[in-house]
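Two complexes come next, and they have one chain in common, subunit A, joined by subunit B in the first and subunit C in the second.
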Partner chain A sequence: MKTTRLIDLVPHIILIAGVLIFAYPIYVTLIGSTWDSGTIGRGGLPLWPGGQGMANYAQAWAGEAGDRAMYTPVRTMMLNSLVMALSIALGKIAISILSAYAVAFFRFPLRMAFFWLIFITLMLPVEVRIIPTYKVVADLGLINSYAGLAIPLIASATATLLFRQFFLTIPDELLEAAKIDGAGPVRFFIDVVLPLSRTNIAALFVILFIYGWNQYLWPLLVTSSGDMETIVTGITKMIGTGESANDWHIIMATTVLAMLPPVAVVVFMQRWFVKGLVDSEK
Partner chain B sequence: MATVEIRNVRKSYGPVEAIKGIDIAIRDGEFLVLLGPSGCGKSTLLRMVAGLEGITGGEIAIGGRVVNHLDPKDRDIAMVFQNYALYPHMTVFDNMAYGLKIRGIPKAEIRTRVDKAAEILELGRFLDRRPSQLSGGQRQRVAMGRAIVREPAAFLFDEPLSNLDAKLRTQMRVEIKRLQDRLGITSLYVTHDQVEAMTLADRILVMNHGVAEQIGTPLEVYQRPASLFVAGFIGSPPMNVLDGRIDDRGEAVLVPGGQRLALPQPRPTDAGRAVKLGIRPEHLAVAAAGFSIEIELVEALGADTVVYGRLPDGETLLVRMAGIPTVRERDRLTVAPQDGALHLFDAATGRRME
Partner chain C sequence: MQRRVTFDNRLLPYLLLAPQVAVTLVFFIWPAAQAIWQSVHLQDAFGIRSEFVWFENFTHVLSDPNYLDTLKVTVVFSVAVTVLAMGVALLLAVLADSKIKGARAYKTLLIWPYALAPAVAAVLWMFIFNPDIGSFGRALRALGYDWDYRLNGGQALAMVIMAASWKQVSYNFIFFLAGLQAIPRSVMEAASIDGAGPVRRFLTITFPLLSPTTFFLLVVDMVYAFFETFGTIHALTQGGPGKATETLIFRVYQDGVVNNDLGGSSAQSVILMVIVIALTAVQFRFVERKVHYA
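Let's turn to the complex of A and B:
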């Protein structure tokens, strides 16, 4: 009896150790955001919360300036990041579900050619085509705009492939039943395909929102004014090159704030996700 | 309610001809069963009537109107699929109402029609459930409900009972029959199950390799099979088929082993001709003279008994006897066909000789 209990404990111990290892840096960041810059700067950061939390967060959220440098306020950067991440996630889902619907349900000339064209773009990451993309966006006058931030990242072969694979599992009879019921392609899409794709959409939204939120290279290139700064590029710009000391307390507070939206999306969408899995009707 | 006419309908997939010219006029309110083995083209024919497959040649008319180029929704038909094809995310009510909603029928009328169908099919308690919360039989009833509420000119059934277990299949078969009697809607029903065909059909269209082997009432198809294929397909256990030759005077059939079976009417013109002789297992009975068999296997089914016998020349002869077995394996038995139980088929073409 006792031995089995011990064996049961082992996985828990391993898991708890893993969680501690992953959580520790986040904990340090959280603690760091509650002390003043002097304490952090001396290198002796305690492992318990300090008293500067409220002041640090207020300064990061609304402040134009830290103790030593000028920044874009976090609220502006958060808004920019949110608009960009939402545009990318929703745009990718909209574009890819439509193109997957076309490829999976319709027979048209060059259908497989289009499918392979989409597929091939999988092999070209953003970084490879970044210079031509920049040229196009610049010529269109989209530098320093939300459209410039989001549109070039919206096309998605991965999401198209995922939706296509899911659509192929929808039985042909369902489409035929809908045809006999009198539903055209648009109605079938809205009334049947979209509701059946709910859980896939939710899962993709989580992944794509985080993908959009964490974009670094593209926003760095395509924004130059502080008003359009996203939070991920903003944080790196707060960290100086060594000529001056950094406002670590504000950087840490900003980092904690930057983590909140992705965490919120995961927590909120996970409930949908599980709900979709529990009353699965497929 | 309407007639369905199929005139010389053909279907080709590239060079492959799947349906080689089918002709049949289905009367208003008739229940026609398309029966055949898998791959015979019966489902393709049904799907051509539904508008889910293009028509390569010929014409299909529903209610006197040629529908070759009409979309499925404009053909005034409703279809029941083998795997039910219910919309998984909709309730039973919405599943039945969907087609009506699209057609812009007023809400109150939809309510009335669905309620009526639900009452006929005893689905009233399940209207708020999802298909996933129903059993196979209930799902198939919902699929039928979806067809009924449309009040179509014709019902098309594509092997609707194949996904159900044996007991439920028997029960649903009776329900379908009762429903069709009550509603009197012209129906086309595809199956490979001869029992379904025999019990449901007003007429059966037996198909093989894309051609109609025979069109007739269930009893016609059973009593006067038009070809060896039909003879072997209808009836369980299947008909015994022996090689034979009509004697020189055209009065009897000679079978290997020296048996001589008198023909009901002499056929002098066929004297000396090679034939296939068909005898149903249930039309053989113990007799003083006739086929002498050694019993190899006895299948006791309760109500009757199927005996697998071997003829002296090595051929198998099936005999179906009423009641529980009175013989045992390795027994010897002499059986003879009842009067008028012989079916003659041309040895070369397999067609029935009248």
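Let's turn to the complex of A and C:
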């Protein structure tokens, strides 16, 4: 009896170990953000919170000079990240739902050609075309602008495919009924298709918001001024070469703030998040 | 595929497609075409004249021993990240899927790292393994081990592999869990009645039935390791020390942005494009198969 009980505990032990491996770095960062830079820099960070929390977050938020350097205020970087993430998420959803609607509900010349054109973008992630894309954005005068941060990333084959897939499941009878009632394509889109797509939009929004918030290479290239800095690239610039003499308290507070929005979105919208993830990869 | 009933309108569909097509042409197709054009041209130092050089840029890149080293690092890195992230995720998913108390809580506690940016994951790892400020880093040194990933190439590679896999486990976990939940309970019960133990059931039933998910994740993780881990490497090691953690994508950035070598960087971009297209093609073959099964 006793042996079986021990064996039953093994899965729990492994799962708890897994949870701890994921939680520990976050815990250390949270604790670190409540101590002063000296304590962290000496490597003597305790396992309990210190008393500097409020001061550190206030300092990071307002961007007051640390002990060693000046930083872009976190509130500016958070705002930039938020604008970028929202523009990417909403922009992708808007242009994909429109093009999917065109491809699914109309018959017109070159329909499949357009479909394949959109499909190809799947094979051209921003990383493989960084320099020429940068050049296009520079020629358009969009360096250091929200438009330059967001627009090159908003074309999305996945979202278009997902919406098209969903539109094909809308029964023909619904469309016929709408036509008999005299509804045109615009009316049908607003009154029938949009409400039916609500869940899909929510699920996609969660995934795309996180995708947008976590962009790294692109913001690194197209932003050069401090006031356009996004928070994820901002952190690594604060760290520099990772010497022990750094404003670690500010860096850790900034890291916590950078994680907050996407983690909150995942935790509070878990149901949609899992649906969005599994669906968009089909 | 097309619906039976459609709207008749000559202009509207083109208007609806216009924004997406415009963005695609300006920011995808045109730059990609530029990359291909530049990859077969050689520009002078001022960028005024360029000369068609056939595949000279490619032979130059591919015969550069540094590039081959980078390729080797990329392969080691990608395989290690894929195997680690998938192995750990499968173990955790199998356990969380079994009838275990608190399965829901475990699930929530294991999926949230998906929300972290690769660069942020790298920063978190640095807080712990930095030889000066990190608790583990200092502990390793205290034990007499000469730990400093900023100086030791092997340690640096191990560090970026760990940080990159750590972030990817949650994604794999979500898909493995979804795959496991799709396996009919009756099959497992029948096997138990026939006397198959948990290990045997896993090897003969669960794992084969999970193979579409496994294959899909294999491709996704490879793509992740190739491209998205740029942030991890940039934040943690900057490709160094030396070139110990320089992957293909990091090198494109390094050559094109930092060293301003357009032809070489474009040739590398085209090589990467071929890799993505190959991976996507493999993935779509698999999707066809999945549809076939269902």
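In this section, the second predicted complex is superposed on the first by the 243 of 282 C-alpha atoms of A that agree within 3 Å, B and C clash if a C-alpha of one lies under 4 Å from a C-alpha of the other, contacts with A are read in each partner's own complex, and residues count from 1 in each chain.
Rule of thumb we're sticking to: a residue touches a chain if its C-beta (ideal position, glycine included) is under 8 Å from a C-beta of that chain, and two chains touch if they have at least 3 such contacts.
Note that the structure is predicted; figures quoted are calculated from it, not measured.
Touch check for A:272: first (subunit B), second (subunit C), both, or neither?
Neither subunit B nor subunit C is touched by A:272.
I'd like to know which partner A:61 touches here: subunit B for first, subunit C for second, both or neither.
After superposition on chain A, A:61 lies in contact with neither partner.
State whether A:214 touches subunit B only (first), subunit C only (second), both chains, or neither.
second
Can A:117 be said to touch subunit B (first), subunit C (second), both, or neither?
second
If you stack the two complexes on chain A, which partner ends up touching A:28: first (subunit B), second (subunit C), both, or neither?
So A:28 only meets subunit C here.
Which one hits more subunit A residues, subunit B or subunit C?
Greater contact footprint in residues on subunit A: C.
Is A:182 touching anything from subunit B or subunit C once the two structures are fitted on A? First, second, both or neither.
Only subunit B; A:182 stays clear of subunit C.
Quick check for you: in the superposed arrangement, does A:131 touch first (subunit B), second (subunit C), both or neither?
Only subunit C is touched by A:131; subunit B is not.
What part of subunit A is shared between its subunit B contacts and its subunit C contacts?
Residues common to the subunit A contacts of subunit C and of subunit B are 176, 179, 281-282, listed in rising order.
Quick check: in the complex, which residue numbers of subunit B touch subunit A?
Against subunit A, subunit B makes touches at 50-52, 71-73, 77-79, 81-89, 98-99, 102-103, 130-132, 146.
Going by the contact rule set out above, which residues of subunit A touch subunit C in the complex?
11-12, 14-15, 18-19, 21-26, 28-29, 32, 40-43, 45, 94-96, 98-99, 101-108, 111, 114, 117-118, 120-125, 127-137, 151-152, 154-155, 160, 168, 172, 175-176, 179, 184-186, 188, 210, 213-217, 220-221, 232-233, 235-236, 239, 241-244, 248, 251-252, 255, 258-259, 262-263, 265-267, 270, 273-274, 277-278, 281-282
Subunit A touches which residues of subunit C in the complex?
Subunit C reaches subunit A through residues 1-10, 12-14, 16-17, 19-21, 23-32, 34-35, 38, 88, 91-92, 95-96, 98, 100-102, 106, 108-120, 123-128, 130, 132-135, 138, 150, 166, 169-171, 174-175, 178, 216, 220, 223, 227, 230-231, 234-235, 249, 252-253, 256-257, 262, 265-266, 269, 272-273, 276-277, 280, 287.
Per the contact definition, I'd like the list of subunit A residues that touch subunit B in the complex.
Subunit A reaches subunit B through residues 171, 173-174, 176-183, 187, 191-192, 195-196, 279-282.
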